[in-house]
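In the two assemblies presented below, chain A is common to both, partnered first by chain B and then by chain C.
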Partner chain A sequence: MELIDRMELNDLIEQARQDNPGKRVDCYVLFASHTDAMELFGLVREAGLGARISTTPRQARSCCGVSLLIGCDDAARVELIARENGVPTEGIVPLPNQIDPNRDVYC
Partner chain B sequence: MIYFDNAATTMLKPPGVAEAVAAAIGAFGGVGRGVHGASLDAGMTVFQARRKLSDLFGGPGAKRVAFASNATEALNVALFGLMQPGDHAVTTAASHNSVLRPLFRLQDAGTADVSVVPIGSDGSLDYGAFDAAFRPNTRLAAVTHASNLTGDVYDIACLAEIAHAHGALLVVDAAQTAGVVPIDMAKDRLDVVCFTGHKSLFGPQGTGGLVVAEGVDVAPLKVGGSGTHSYDREHPAFMPERLEAGTLNAHGIAGLLAGLIYIEGKGIDALRAEALALATRFADGVRAIPGVKLYGGGGAGRTGIVALNVDDADSSLVADMLNVDFGICTRAGAHCAPLMHEALGTETQGAVRFSFSHLNTAEEIDAGIRAVTEIAGELR
Partner chain C sequence: MDKNHQMWADLGMDLDTHDQLCAVLPQAFGDVFLSQENRPEGMAFWDMVVADVHGIRPSELVEAQKEGKKVFGTFCTYVPDEVVIAGDGIVTGLCGGSQFWVPEGEKYLPADMCPLIKASLGARLGRTCPFFRIADQIVGETTCDGKKKMYEIMATDVDMYIMNLPNMKRSQDVKAFADEIALFKANVEKVTGNEITAEKLASAIKVINGRRRALARVYETRKNAGAIPISGTDALLMMQIAFFDDPVRCAEMANKLADELEKRVADGVSVFPAGTKRILLTGTPLAIPNWKLHHIIETSGAAIVCEENCTGTKFFTNLVDESQTTLEGMYQALAERYMKINCACFTPNAARIDGVLALAKEYNVDGVINTNLKFCTTFKTEAPALEKALEEAGIPVLDIETDYTDNDAGQLRTRVEAFVEMLG
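Right after this comes the complex of A and B.
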């Protein structure tokens, strides 16, 4: 799957923010391969951007793969890094923050 | 103990290898099986190892490096994954059973045919005979880069050129050369390179794999857990997961990565020069001993192996004397290379294989020469 069109991604991020007032929207870079996730994670960290490997939210895709959790403000740069280094992704998905700070972490 | 069995497994490992394995055992989770720190540490280590292996072999990148448990498993993956019913394969008599047995299994099952190119009594390969062995339906040639018996190195760039001229692929068994002889997949147009981690890459046993050129599609030998695409009926089609099923040996790969970093720091040419200098010192020291016969030398180069016999003495007896009387570890017998022994005329006697690492010392070499001298004198 090609990366989401830049304008479309911006629209999606904005839509997610409007749909979730008061909540932070994060972006998840999706991959087919764990190896690709590791490679882009290293490249993004080398570029000085904040990122971490995350479980892929079920809303993004129904599989057990990993994704790269980034700030949506960095999405364009991450997308560029992936393209410049030939790391294939399956798109970037904006989602409202998945972490509920009040939850019981052992649930 | 003096260890001269490095072609089987390098026992002496560089600093950092054992420590890396020990640290990993206490710190790693499953690669690609979670997103917690323990899993990510394992995943990043495996990724770094893939990248370094691709760099070492002039490969197409980390994603084209698939891990296996050793070179034999990697060769099984490559050969069973590439050969189709009705295909023909070419190999040479220098091949290890890790190449011969998978091919003979296909042949015995009636699904493929195999041609074995002879090796000369000096270990040499006739490249013209290799060229003549190809047929219109030849899918691949599977060749050893260096004999595990004599250490003779074969010109894989030339073999690849010949294979490609016939529209076939070249699969290289680099078990004896990975880490000591430069390999450049891109320059030499090699299609698949199979390696083991526990020999000259200085990793632990249970590590190995294959590097697959872009455009070469190897069907998986094993399928199952992949860590991704769990709802799909079929195993992922993308590399490297395509050729890996089940949890990787990340603990071992951590040690392999330490070995790769060591090789990168020392330089492969320097490591080979040191090992060859020791092998040459040994060969020069035993060549003139009455009754001692050395094998090989007809290749395009050598690894740090010296194979010999003492008169017509059973190679197992000589190796046992070396072990019991002198504390010197070598390997005797057939070395899983039956056709090479036929070529050398040593099917019955076998051969005593001394295989050196740059971590051996000149003093150890001289002790080995003295031991062979005494044994030869005793057996005459």
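Right after this comes the complex of A and C.
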């Protein structure tokens, strides 16, 4: 798997928080394959952490695909779980909250 | 080029235009599904499928085709999947639930035609749906006039087979549909090159009945008068994906979800606060990714506990008789089951009214929302009779006509909120 530099990840999360004051920042774990996403989802849930299978936001990557939505406070632990269990990931991307149930924009 | 884009390019898709759909799907999915609290864990499977809806299943179908399997694309719940499965073929749903495909369809069809039909043609001719590109044959059926005329245009671009669905339900009509199923069997044999024997059709009937039983188990948990273990929006997603998924896997995943929901009911776990008003939604189908009405209703203080439509109960209600041993007996058994679906294309269609009244009772609903896609003449025409029957039964009803656009979302929200408030 591609190792994610812990300091770099923390810096990215901190930067996203500074760039989006007053907004929640979420983290999206990216994958090359949906089976990897589902495997890590199961492992993360077993570890008692919150996680949801998600579409990959456009801001994170410009193609349709499966990602794992996690709290950024758990990002380091999730990254460790992935590494310990040999689940390949393609990075963790922090983004300001993408979810707005009142937007009423459908597709 | 990533794996998905390579596959779409190989399928001859218009990548630039299709990419516009990829750009809007994640936001809509997040707003509608990830904004919900306390969703069942089992929904992760359907979240995964929809997160890469034009990648995961299409790539499975492409791989199956490489092994010689044939894929049949279908629009409607009247096409008997059993026959395709018996011929070692694969059934897939098609695209038709997004405004994204409508403008392309309007290049060929009148604007005053239902959005499902316009979107279906737009998705095929615009080359922006992998399922439409993969299907070796598209199977239509003579349900509504709009679809029948649309097929004539689509047939200029792709191999189509049309099943003649009678529009009455007399015994001779059921017999006529049994004969039509026999013709469809011959077509499937021709396309696949595989003989369909009585043993193979009997086995396929069991497979599809298994899927029906599994989906019905999920719905059964929604009848619970107290805790509502799953949102209508999540149940809708499960149903929408059922049209595309392998039927055995679909049954397996739905059964797993039902296990979780049954435990939730036993433990009193609900996704809505106590006292949330319970709604039965009836009317026209809600093809993926049409989540607009469900989302509006469920973020306006109500919960949908049942969908009486083709992406709901009509898909799984009534099993095919499994006791038949001859092909002729099975054709008749299939015809009897499929002709029990109460579509507005039938005349008379009083059984739909009786069915909605029965479901309203079974699912303990506080009110019914009757919806039809704009320009769906048949459902629109029978709406007053249905609504009169509901009112006479003391069941409040709201009539909604909408399409795939976002323009009326605010107005719909106001109307739904007022209706929910009126329910007390």
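The definition used in the following text is that the second predicted complex is superposed on the first by the 101 of 107 C-alpha atoms of A that agree within 3 Å, B and C clash if a C-alpha of one lies under 4 Å from a C-alpha of the other, contacts with A are read in each partner's own complex, and residues count from 1 in each chain.
To be clear about the criterion, a residue touches a chain if its C-beta (ideal position, glycine included) is under 8 Å from a C-beta of that chain, and two chains touch if they have at least 3 such contacts.
Predicted model, so just to flag it, every value in this text is computed and none were measured.
Q: When the two structures are superposed on chain A, do chain B and chain C clash or fit side by side?
A: In the arrangement built by aligning on chain A, the partners chain C and chain B clash.
Q: So in the superposed three-chain picture, is A:T55 touching just chain B, just chain C, both, or none of them (first/second/both/neither)?
A: both
Q: More residues of chain A are touched by which partner: chain B or chain C?
A: C
Q: With the two complexes superposed on chain A, say which partner A:D74 touches: chain B (first), chain C (second), both, or neither.
A: neither
Q: One more residue to check, A:G65. First (chain B), second (chain C), both or neither?
A: Once the two structures are laid over each other on A, A:G65 reaches both partners.
Q: Return first, second, both or neither, reflecting whether A:Q98 touches chain B, chain C, both chains, or no partner chain.
A: second
Q: Go through the superposed model and pick first if A:E39 touches only chain B, second if only chain C, both, or neither.
A: first
Q: Pick from 8-16, 26-34 or 332-340: which stretch of chain B gets in the way of chain C?
A: Residues of chain B that clash with chain C lie in 26-34.
Q: Residue overlap on chain A between the chain B contact set and the chain C contact set?
A: After superposing on chain A, chain A residues 34, 37-38, 41, 52-55, 62-66 contact both chain B and chain C.
Q: Name, in rising order, each residue of chain C that touches chain A in their complex.
A: Touch residues, chain C against chain A: 2, 4-5, 19, 21-32, 34-35, 41, 44-45, 47-48, 50-56, 98-100, 289-292, 295-296, 299, 404, 406, 409-410, 413.
Q: For the complex, give me every residue of chain A touching chain C.
A: For chain A paired with chain C, touching residues are 34, 37-38, 41, 45, 52-58, 62-67, 69, 98-107.
Q: Contact residues on chain A for chain B in the complex?
A: Residues 32-39, 41-42, 52-55, 62-66 of chain A touch chain B in their complex.
Q: Provide the residue numbers of chain B that touch chain A in the complex, in ascending order.
A: Its residues touching chain A are 31-32, 35, 40, 43-44, 46-47, 50, 62-63, 227-232, 236, 238-241.
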